[in-house]
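Both complexes below contain chain A, partnered by chain B and then by chain C.
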Partner chain A sequence: MTLPLGIFYALSALMIGFSLVVVTSRNLFRGAMCLTASMGFVAAFFALLGGDFLAASQLLIYVGGVMVLILFVVMFVQTPDLFRARQTSVRWIPALLLAGGVGALFIRAFCHIESPTELPVLQPTSTALGHLLLGDMAVPFEVISLVLLAALVGALVFGLERES
Partner chain B sequence: MFEIGPLLIQAFTYARQFLTTLGATPLQAVVGIKFLQTTLTISIILAIPLFLVYAERKISAFMQARLGPMHTGPWGLLQTPADTIKLLFKEDIVPQGADRLLHLLAVILAAAPVFVCFAPVPWGTGFPLINLDTGILFVFAVSGVSTLGILAAGWGSGNKFSMLGGLRGAAQMVSYEIPRALSVVPVVLFYSSLNLQTIATAQMERWHGWMPKWFIFYPGIGQIAFIVFLIASVAETNRIPFDIPEAESELVSGYHTEYSGMKFAFFFLAEYVYVFLSSALVTTLFLGGADGAAFLPSWMWFLGKTLLIVFLFLWFRWTFPRLRVDRLMQFCWQFLLPLALVNIVLTVGWMMCKTPSQDVLPTQAAIPSSEMHGSPDDAGLTKAVEK
Partner chain C sequence: MITLAHMLCLSAILFSIGIYGVLARKSLIAILMSVELMFNAANINLVAFNRFLYPDSLWGQGLVLLVITVAAAEAVVGLALVIAIYRNTKNLNADDLHLLHD
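Now for the complex of A and B:
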């Protein structure tokens, strides 16, 4: 087993472990912290695959931004049930079937993919990414920024409503 | 001149050859050298708070017409080491209502990212730094992890004051990160790189043969970006006038109320190292990095400029009163953020006037600023660049 492969398996095991805690822990705050950790491991996977810009963005947006907001909300709505929240849904049998089916599909699909045996050499990706985003991919990029703009305007509308 | 950088590179090359002669494979030798470099960097970073705490005590004392620490060692020089030893021997207390695991984890989360952030900082010519292509983005991303430490400290202490401190800290740091990142966008656009080394070297030219071509000297855009970045950096480090997460008169001492001994010391270590890191970033982005006259080596220029900005941080702390919570948020969202956005538009306008040629587009547009934050201005900005 090569070194990158070993790192990959170690990261995968850690990520799966933390994700399991997210869905089993009854303490909502701890669950959110574990979700943060799995987000961080996603960044590690990006870095392992040579996406340095993507890894940094993942860390910046998900760990430093989104997860902080989620934790913020958890701290705000602090009630005693937060610590003994039931982690199993009432309809857990159909949910289990659905999750198992999707999992099987994924395994079946990924068995057919020829994965590159050699990991890419880590090299700068930001320039290439910039060329893509403002060149060939300019239209989708603009459309995505429209979505973000709509979200911002929506947030503003809600904020104003509360003030008046 | 006495440059440390090339000497260090030479030393590490020799060390690698020595490891190879001992029978290590090339990969093992490289890993060994990296381990050595990391240890060295961490030791240097750990020494920074020692000096900064002493400087803070002395400077605050002089500003208030006092002498500051005088009894431990000459001019009180040994006061900080003595305090560190005291903190080491103090009892580590975890409150009864605390979440023990999170209480411990908070310290690690707050202090550990500090050391990683220094990886891409360009100390001077020839330093064996990690030449990260995503330099500034990397620093922002990793330093953002410390916010989690403050939140975990607030929650894990099981104390309402800590909780309020943690909440305030998270709100403040998430808000101020946006103008901070946006104020760097003009620099990134101008030098069309995120790499701190590239940005620092690009500023080493001269106007008319004498005036340094640092980013802060570009009329208008340079100063606005500098001011926004400096203010947002002070807010990010939770220092007065932005210290509402630990406001003594309101929250006892905020998120680190329930910490004692070395755990408490680590929060302080993180704060002071972040002050130093922010100053180093200001130096790299706006003050030309290690650029300077030849009578001093480059690393001394870098350190000197950084310490000057550190002095600014200390000066602010002992000059300004604390902001109120709502005013703090208002200041960020209604003043700093629009200012940073206007500055981006101004920079793009400047660049289009300066270089109206066709070839400016691909290289200059290569920085996807909206990757960091989806701001409403991004659509307009990219369109402006495309025109």
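Now for the complex of A and C:
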């Protein structure tokens, strides 16, 4: 086994382990911390696949922004009796069967995909990505700012305390 | 050497873990966290296809940036809804939320 493949398997095992804790842990706070670690490993895979700018944005936006928000909400709503309460619904066996079936189907389909063996050397992507975002992808790039504005207003509207 | 099939199988596993979480967990916050797992599985797929099949283009990575942004917006609105529901019902169990039912 070569070194890159070994690194790949080690990262995959860690990421899958942390993700399993996310969906099985009774303590929501522990689940959120493990999700943070899992997002960090996804950033590692982005870096492994040549997306240096993407890995940095994944760390900044997910690990630095979204996860802090989720942790804040968990601390806001979690009461001590929730730590011991059962966290899975009664339908967990059909859910497990469905998820396992979908996963097995995907893996069965993906195993025979041929991939090219000759790949170009990894290059820094930030400059090219900036040109792409403000060139060919300018319309989605502008629309996404409207989406963010709408999300901001929506979060304020839902989050405001009603004066009664 | 890492091949495209390795990355696709990895993201399939991550996606099915996310499906299990969405279907089986009770808490609304846990369901949101599982949806984030599924988003990330899709992102790994996009970057892997970009790297292995179209190494000269960057459209896959640009699309992933947009997906990350939309996921952040989704998390913000979803968590605001969770807080609003918690403030009104003091309960975040998805099985017990049937305000419109009766």
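In this section, the second predicted complex is superposed on the first by the 145 of 164 C-alpha atoms of A that agree within 3 Å, B and C clash if a C-alpha of one lies under 4 Å from a C-alpha of the other, contacts with A are read in each partner's own complex, and residues count from 1 in each chain.
Basically, a residue touches a chain if its C-beta (ideal position, glycine included) is under 8 Å from a C-beta of that chain, and two chains touch if they have at least 3 such contacts.
Nothing here was measured: the structure is a model prediction, and the numbers come from that model.
Trainee: Sharing chain A, do chain B and chain C clash or fit in the superposition?
Mentor: Once both complexes are aligned on chain A, chain B and chain C fit side by side.
Trainee: Touching A:L69 in the superposition: chain B (first), chain C (second), both, neither?
Mentor: Both partners.
Trainee: Which chain, chain B or chain C, ends up touching more residues of chain A in the combined arrangement?
Mentor: C
Trainee: Report for A:E142: first if it touches chain B alone, second if chain C alone, otherwise both or neither.
Mentor: Touch partner of A:E142: chain B, not chain C.
Trainee: Answer with first, second, both or neither: which of chain B and chain C does A:M33 touch in the superposed model?
Mentor: first
Trainee: Using only CA atoms and the superposition described at the top, report the least gap between chain B and chain C in Å.
Mentor: 7
Trainee: Do chain B and chain C land on any of the same chain A residues, and which?
Mentor: Residues 53, 57, 61, 65, 69, 76, 125, 129, 133, 141, 144, 148, 151-152 of chain A touch both chain B and chain C.
Trainee: Touching chain A in the complex: which residues of chain C?
Mentor: 1-10, 12-21, 23-27, 29-30, 32-34, 36-37, 40, 43-44, 47-48, 50-53, 55-56, 58-59, 61-62, 64-66, 68-77, 79-84, 86-87, 92, 94-95
Trainee: Note which residues of chain B are touching chain A in the complex, please.
Mentor: Touch list, chain B to chain A: 99, 101-102, 105, 132-134, 137-138, 140-142, 144-145, 147-148, 151-152, 154-155, 163, 166-167, 170-171, 173-174, 177, 194-195, 361-362, 365-368, 370-372, 374-376, 378-379, 382, 385-386.
Trainee: Mind pulling up the chain A residues that touch chain C in the complex?
Mentor: 2, 4-5, 8, 12, 15-16, 19-20, 22-23, 28, 31-32, 35, 38-39, 42, 45-46, 48-51, 53-54, 57-58, 61-62, 65-66, 69-70, 73-74, 76-77, 82, 86-89, 91-92, 94-96, 98-100, 102-103, 106-107, 110-117, 119-120, 125, 128-129, 132-133, 136-137, 140-141, 144, 147-148, 150-152, 154-156, 158-159, 161
Trainee: Hey, which residues of chain A end up touching chain B in the complex?
Mentor: Against chain B, chain A makes touches at 27, 29-30, 33, 36, 40, 52-53, 56-57, 59-61, 63-65, 67-69, 71-72, 75-76, 78, 123-127, 129-131, 133-135, 138, 141-142, 144-146, 148-149, 151-153.
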